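Each structure below is given as structure tokens.
Consider the two complexes below, in which chain A is the common component and chain B and chain C are the respective partners.
What follows is the complex of A and B.
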């Protein structure tokens, strides 16, 4: 890479700048190589542990609300794949509490680039992408074969659109909660508890849960549209839900992200820095 | 001197109470987590429930206690690691107190707060919603409490070993994360020991993981009786001693390695 002077960085187009940031993130992450490998492995093991729990339960029982083990693992794979892509783009919003409290946000605000762009480009956690991505791809390839999905162009397109929408849904959630941090100073604990639980719920067929639990992943953090409805369509199930819901998933991602973006712009206007 | 340790435990307990919103989130978090897992068990039992050797009610009881308490028995390895890394640990070493004892007192205070203020309300709500099996006998209740206290000590000792790794290794994230994943799968909270496959159970029996939630739950549910209860408790105690010796050895060796900037 050429040496980047301030003048050069200013004149870069956004894509080149994004990759310049990306290569710096990678350099930072791999400054300690053995540690980077160990951390990726640790994330992989942590995420795989939840898969093992499902696997072991479904070894003892034939099915879970009409879904067999391979089908549940197929459902699971969407969560990992979308998270892997999402975290590469939205790490800045995951760590947003810290960025605000340390005053780093003010630094981003005075630079001649969009704040959201900088947060997306800066300090991406590619180790999480690797850890989650490895679990996601392993599960998807293995379970899709085991349940016998025939990949025709329509299904591949369906899968890709679903993944894009799933990334946008989770990105919108991260951005929206970062806005709460701008308003109330801190929202990390509520966010983490809700996010963790929603992801946990989304690992299983929605039909097994009582209404109160369902409403969490339908209305508060709409994870049901990240994996449940699309996976059910690919597997030819409806579980008694309206059959149009899988296609509604594509709309929900872009729509939620647009809303989150508006909220973000509005919240930034109101932001008056920390520590006074 | 004993008073100082009690005071540390009391202070950490009160520290938790300072953030009321966090307390509410903690209760809600535990209720949701238990509700989700109960729904999973109900769904799988609906497929072949009657064929299982252990009833749905017992499995739900395991979920209520083991998952609920696992939320409370969460060790904070990173704060000790941070002290070791920054050298702030020298302040603690200079105090006329035993370092491991101070950490134990703080861990007890934190777990006490989470058990009383977060777990207990969540447990009552979930017990009303989902029901639970009564303890196997009148004697099972105190023995269960004793065994659960030892589960805490096992987890505390493993946590201590993890934090002391930072004498040698800069970032303990990988070690702690892999340990937590192992506890999640093997401790008997998310997969009760009666659903573990034989090869896994053989490993768990020979490891400290059985001394975590499987031991107290088997007492409550009456899966062990008479002398095997004592055998289980003795096994837990042995694991605590072994892990503590290991931690102590790491502490002694680590202190020799400790190099603080400018010293």
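What follows is the complex of A and C.
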């Protein structure tokens, strides 16, 4: 052999590399500037329309399980904010079936970086982030003011931790779905429907639902920890649940994500590529 | 010393049989029905450092599957895969930093971005030192002519340009070992020649070990010293290219189209098949007859419109080897 192994002295740290990926994703998205702006706007309008529907419904029921309209909109804002951040990080898992079918996963596996890292870094859908984020911030600012929340440091810290955990909960769900695809073949559609409908339920206070429906967003798609318990705490509502639950939310996110990561590492060994 | 060893490697794909309808979807989930496909059956071979090995076989033979086992993309169902002293799938991250892979069928370039952006990202992913990166870019510009289109969007490249860029992308980090799955697929003669020349250069000048698959026998003859032939997941032949040629009969044909109706006379060392008054086929053995000799003889005698040389196809090679082996048993 004529050549010795070259020194790998310039290996980039993951955070810097994540941003290198991110700036390329943005560059690729905004290569078609008009298209990017229109798509962002489309997401914003679509999501805002869903808020308006809720708004109209709520006008007929001024009191929803003890929550007024502004309080419900406050509850809603968590869903948008966490989704906006989550989708920037986990687009690769949302699109996992497509990435497998097109053979892109093979290309990630031949790179000397973590597969999960690459799926998180590659081709993030920042347009969805912008669209959902704009709806979320609008709702949060407006409803918090209407409800009269005073933002002291404790509440801000509570909100931030809640958002982090909410992102991790939904990220864990997306990762787990991708694992199921590895085990059972393409199954994205079934689970996307389950995710979307659970998210719809989570737009309303849990107290109005019968036990069966509640258990969906408590145990199957634990959205209750993304928005209901934390929002109730910030609004000073007890709704008759155990008062520790809002703080338990912070644990649920990291815990679920750790579980999803273990499942992922294990499931990846089952990957069988595509036939070309 | 062998740097790549495949020992009794098997890969069986287990595919889910889709069942239709809503009840089918539920069944898929809870009582899935499977079908097994044995794509690779107990294949063993070893490759020494610095070798350039061709890997051929008809469609569905298991070439791509073997490459995926060797690159850590797939986990073998049984058997042992050991490359550069590592297990490709177990030590994946450490391992793939030292190899380069080209999947000719799909690009690793970022579709909506200039080629140079993908290169720059790869430099960061692999941590390629700046002087290595610069030296490699210069070489690729030189031999592959990348400078002409390095700043073009990947989706605007021709197939030949895309393939050249993809091959360059797989070599930016100075891999010790390179796997190329159909690096010449769909290319014209000129583009194929360029890529063959480049592969040979990298192999000869840098001592990079290479394993490449192709459907084109010419790729093998022009670039490799050694070929491995597989069919239906099993190894058929492992040896020199010339050995394969002698085994498979290595008969080529010269096809001659005439301008006027012609009756050919036999030429010694060839077998003449007159197909019609305007076309004849001289079948000959590459050992006993030189192409240019035959061509000049034919050109002197007749009024010729066109001539083409037909190489034995992979399918016919496989068929001959297979029947030769049957005969020996």
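The working rule: the second predicted complex is superposed on the first by the 265 of 276 C-alpha atoms of A that agree within 3 Å, B and C clash if a C-alpha of one lies under 4 Å from a C-alpha of the other, contacts with A are read in each partner's own complex, and residues count from 1 in each chain.
We adopt the following convention: a residue touches a chain if its C-beta (ideal position, glycine included) is under 8 Å from a C-beta of that chain, and two chains touch if they have at least 3 such contacts.
Since the model is a prediction, treat every value here as computed from it, not as a measurement.
By the touch criterion stated above, A:46 is placed in contact with chain B alone, chain C being left untouched. Residue contacts after overlaying the shared chain place A:201 against chain B, while chain C stays out of touching range.
Shared-chain residue A:211: touches no atom of chain B or chain C.
By the touch criterion defined above, A:56 reaches chain B but does not reach chain C.
By the touch criterion stated above, A:190 is placed in contact with chain B and with chain C alike. Contacts of A:35 after superposition: chain B is touched, whereas chain C is not reached. Where the contact sets of chain A with chain B and with chain C meet, they give residues 32, 190. Residue ranges of chain A in contact with chain B, taken from their complex: 32, 35, 38-39, 41-43, 45-46, 48-50, 52-53, 56-65, 189-190, 193, 196-197, 200-201, 204-205, 208-210, 212-213, 216.
Of all residues in chain C, only 13-16, 18, 25, 28-29, 32, 49-50, 64, 68, 71-75, 89, 92-94, 96-99, 101, 103, 105-106, 108, 110-113, 117, 121, 124-130, 132, 153, 173-174, 176, 206-208 touch chain A in the complex they form.
Touching chain C in their complex are the following residues of chain A: 1-3, 5-12, 16-17, 20-21, 24, 27-28, 31-32, 102-104, 106-107, 109-114, 184-185, 187, 190, 269, 271-273, 275-276. Touching chain A in their complex are the following residues of chain B: 21-22, 25-26, 28-29, 32-33, 35-36, 39-40, 42-48, 52, 170-171, 173-175, 177-178, 180-182, 184-185, 190-191, 195-197, 200.
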